[in-house]
Amino acid sequence: MEMNQDKYSDLTKGYDQDSDKRGNIPAESVFEEVLPNVIAAKSNELFALARKSSLWTLSFGLACCAIEMMSAHMSHHDIDRFGIVTWPSPRQSDVMIVAGTVVKKMADPIKRLYEQMPEPKWVIAMGACATNGGPYYRSYSVVMGVDHLIPVDVYVPGCPPRPEALMYGIMELQDKISSDAKNRANLISKKHLNNEN
Amino acid sequence: MKISENINESGSTVDMLINMGPQHPSTHGVFRLVLQLDGELIVDAEPHIGYLHRGSEKLCETESYSQVVTLFDRLDYVANLNSELAYCMAVEKLLELQIPDRAWYIRTILCELNRISSHMLFYGVYGLDVGAMTPVLYGFRERERIQSLFEQVTGARMMHNYIRIGGVKEDTPPEFNENLHAVVLELEKAIEECDELLTQNEAFLARTKNISCLTIEDAIDFGVTGPILRSTGLVEDVRISEPYGIYDRFDFGIPIGSTGDCWDRYYIRMQEMRESLSIIKQAIKQMEPGEVQAKMRRIVRPPKGECFVRTESPRGDLGVFLVSDGSQNPYRVKVRAPSFANLQAIKHMLEGVYVADAVVILGSLDIVLGEVDR
Amino acid sequence: MTWEAIGWYVIGAFGLFIFLSITVMFLTWIERKFLARIQQRMGPMRVGPHGTLQPIADVIKLITKEDILPSWTDKPIYWLAPLAIFIPAIAIWVTIPFSETLVLQNLDLGLLYIAAISVLSVLGLVMAGWGSANKYSMLGGLRAVGQLISYEIPFIMAILGVAILSQSLSLIDIVNDQSAIANIIVQPLGFLIFLAAGLAELGRTPFDIHHAESEVVGGPFVEYSGAHWAIIQLAEYVNTFAIAALIAILFLGGWSWPSMPFTGITNDFLSLVWFLIKIYAVILLIFWIRGTFPRLRIDQLMSFGWKVLVPVSFINIVFTAIIRFYNLHWSILTVISLISIGIIFYLIYKTPQKSRKKDSIRIISAKDAVNNPPKNYGDINVR
Amino acid sequence: MEDQANKTTALNAASQKLLGILPSILNQPTLQYRTNIDELTVNLPGDLVHTICKILKTHTDTAFDYLTCLSVVDYEDILEINYHLFSYTKRHKMVLKCELKSTDPTISSISNIWRAANWFEREAHDLFGVLFEDHPSLDRLLLPDDFEGNPGLKSYPLHEYKEW
């Protein structure tokens, strides 16, 4: 699998290289250290329930898809119904919707924005450009997909995706959050058992 | 970046550099503005663009003539049909094609509708910039109506690829006229509603009246076009200075401002929506059934040569410079983007205003970064 | 003070804290639903019936989120700022009564206490602005200082007007004094001044300048995340609730106007309900203003404060004092207030530097303009 | 570009008039005036660009107040710079063309005549490597500062599409 060969590919350095091994399970929270393991396993599911019900997105539009992302927030589609509001500062957001083409000049700011978001955080790559370069796959200045820079949880195809497609992507993310919490709960109880034995 | 850096040893203050963007809620995309502040006043501003430079012009050289339309869709992603029209007109000028009447009527109706939807986006986002959160929802409600009409005709909400070289892709569906009538009636009401919601609001007037008054000479010198140029008081519109298409068949008005401030720019756009509606209504009456595509070869090979075409997009003078070497692909495509030239003037406009005004002025330019950076 | 009394105070304070936290959580839900109503949306729908569990989800999420400490912050100040915002917001509730008996401690100088405490929140904002070491925070913090200090004056002046009418600084006395006629009818001018100054103290639209999203991206709080940010947000809504309660007490007659024809426990209960209805009405008014108004600029805010609200609040006090001194009928004050309101609105409407008319835009016929290029710039030689 | 000359010329009335008076205004006997579809085209040597632009803007009969577009076309061995001009008061238009050697693409800047040229020239410098003398700040505009090469040129390769 050949990736982008130029020097911008080294922007991916310094990321959690173990994330593949962990299988996208969110990092440990403080509560797991404080609470007894059994409670922690259950509380994790409760937290996942809360997190998936209140996904605050970073208001951050790059290109064409940003217009459809805005449409999704507006009266007709209104994703506030799922508890999703946009927030201007990365410090208070949970989800980064990368809506549009990521060019090399924008690579560093995007990486920094992702780093500024507090854990747990998720990324939705919206549209063909953010997924793999889309119509600009031959361009000299476009990063071939935002997953060269930051880990992506959900890809929403389309050019641009309809607001309904974005909504479906968000629901997939919600499913992912709760199933991840269940996996984590299994993992913790296994660890617990191993410690006892 | 300690704040104490900003206070030098003698205790006097120095200016503060503040970085607006690339991610800032009111830069309308990825635009970076480095402001030098003395308290709340802007001393100097330096715009930085290129955060969305996708190399479209270079990519156009590798696609065939009819494929380039898709790339033009994505330039001005708020008024897609207007950019498609500019490109197709350039190729047709090289080919010396005669476009059937009905195709021109369809193009005109859709482009004017797109102008309304673009101005509706401006209306909403401008409301957000001055701090009112409701207008954006009203603006997008109307956009949604127009987009669903586009979807019936072109099959897509945003990236239509409908205006083709030599006409349009296909004739309108049979229920189009009926739906168009309904949308026009709804838009008429909605424009009045939006007007009442924001235009005469006391706080809105205070924020926009007499802010960043641009003189005609400065505006022309910076190459500023479109509603911003008209707000300074110059009677100018590509539809009247270099008429194209069938605009000479309609009786419509050009709104002209007098002070060139932000309120004039805003209200000119509101009036343009009304004028666009009147063009659409006249076009519906005049339109007759007929061909929608000129007789031409499937593979477009314009003769060797070059041409420059100007059209009036919602943001101003959208020009396409097309060089052909007689092959299947264009040799060079250069887009003269209105937002690009309008944005140049921002350094001049921002001198000596408040930080809060910077947001209002940038909003009043109504830039689309896809077009600025290409 | 006996241990028993201290015990009751502790229980009361704890109960008040719980009550405020829950109320405020649901205020966020009410705000989202109400704004959605204005904006032709539905608002939160999926989390619980009609989204009622939405605030709980938000709070749990915020508490369990990572709390980032940026490396360049001024750490003690950064950590203390949320507390410095939150403690005054809660402390103000010590003396705000819900009914004649339902109050933690009714102070004889209650209004003075409230005026004194409400200034303290400025400290928290500027600490947050400075401690974050972020330029947006800094701008927001400094804006907050300017704004809140300036609007303290009309805020206190409007309170004084009420105090002169009731001849007391105790909130319960003020409410009981209004059992015949509410202050909003006697002093409509004072009500408007207090509403404007209160909105500015809260930092709500059209005075949300220090945390303007489109300019300074959240102002002093731009760097806060997780639980600290939740505390700041909680404090903001507690303050909103407090200002609404103060308006209800000072101007809308609290629980005693119009007086209930019941006695005993029914009366107590109904008057509490009636009081809460008044508070929520004021809160909805605040949200309504948020949904419709743009934001002012910092210099316009200052000039509105110093050139309009401060002089007008002095006028209000002087006339109130005259009426009170000569024991004239209250309706004279109403008439004077209404006349001054009319004059102020007329003056604002007629501000000379803004032409209100839409005729700065002219419409030129395209058919004429095609054939007549302008001879000089600015020439309009057609229609 | 021979076949262009054979085309039916469609200069509008204002541009016809311009064609009549232009030689006397510019007063450069070596210049060739051509019509290309509906535009009046003049080829200029590089050293004349600044003076002629100044005349075209300031002269009351030409009054080209609006620089519509400045573009560069790469013909491998030469770089052709196109200045599209338009006058709001006279409503005529013309194109100035200037050919530069691609080994030494240097030309004087016109950003002190039309301020609109500032960014157009920076863009041309960024994408094509044209050097504009006396430009106030000739930095990269669209591409990041550490980008190597001038991607607008025909010699700059595009990515090849790889299936994976």
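Descriptive notes on the structure:
Per-chain numbering from 1; labels A, B, C and D assigned in written order.
The rule is short, and it goes like this: a residue touches a chain if its C-beta (ideal position, glycine included) is under 8 Å from a C-beta of that chain, and two chains touch if they have at least 3 such contacts.
From a predicted model like this one, the values you see are computed outputs, not experimental measurements.
Remark: the per-chain Cα centre closest to the mean position of all protein Cα atoms belongs to B. When every chain is reduced to the mean of its CA atoms, the largest separation from subunit D belongs to C. Averaging C-alpha coordinates per chain places the centre of subunit B 24 Å away from that of subunit D.
As a whole-number value, the distance joining the C-alpha centres of subunit A and subunit C reads 37 Å.
Centres computed as Cα averages put subunit A at a distance of 32 Å from subunit B. For the pair subunit A and subunit D, the distance between mean C-alpha positions equals 46 Å. The residues of subunit A that reach two or more other chains are 74-75, 88, 105, 138-141, listed in rising order. Multi-chain contact residues of subunit C (touching two or more other chains) are listed as 39-41, 213, 217, 373-374, 377.
Counting partner chains per residue, subunit D shows two or more touched chains at residues 88, 91, 143-144, 151, 156, 158. Taken pairwise by the contact criterion, the protein chains are fully connected, each one touching every other.
Of all residues in subunit A, only 29, 31, 46-47, 49-51, 53-54, 74-75, 78, 80-83, 85, 88-89, 91-92, 94, 116, 118-120 touch subunit C in the complex they form.
Across the interface of their complex, subunit B is touched by residues 1, 3-4, 7, 36-37, 39, 65-69, 71-74, 82, 84, 86, 88, 91, 93, 95, 114-116, 118-119, 127, 140-144, 151-152, 154, 156, 158 of subunit D.
Against subunit B, the residues of subunit A that register as touching in their complex are 58-64, 66-68, 70-71, 74-76, 88, 90, 100-101, 103, 105-106, 109, 113, 135-136, 138-142, 159-160, 162. Subunit C makes touch with subunit A in their complex at residues 32, 36, 39-47, 51, 53-54, 56-61, 64-68, 213, 217-218, 221-226, 229. For subunit B in complex with subunit D, the touching residues are 49-50, 53, 55, 57-59, 61-62, 93-94, 96, 220-223, 234, 236, 241-242, 303-308, 310, 317, 319, 321, 323, 331-332, 334, 336, 340-341, 343-344, 373-374.
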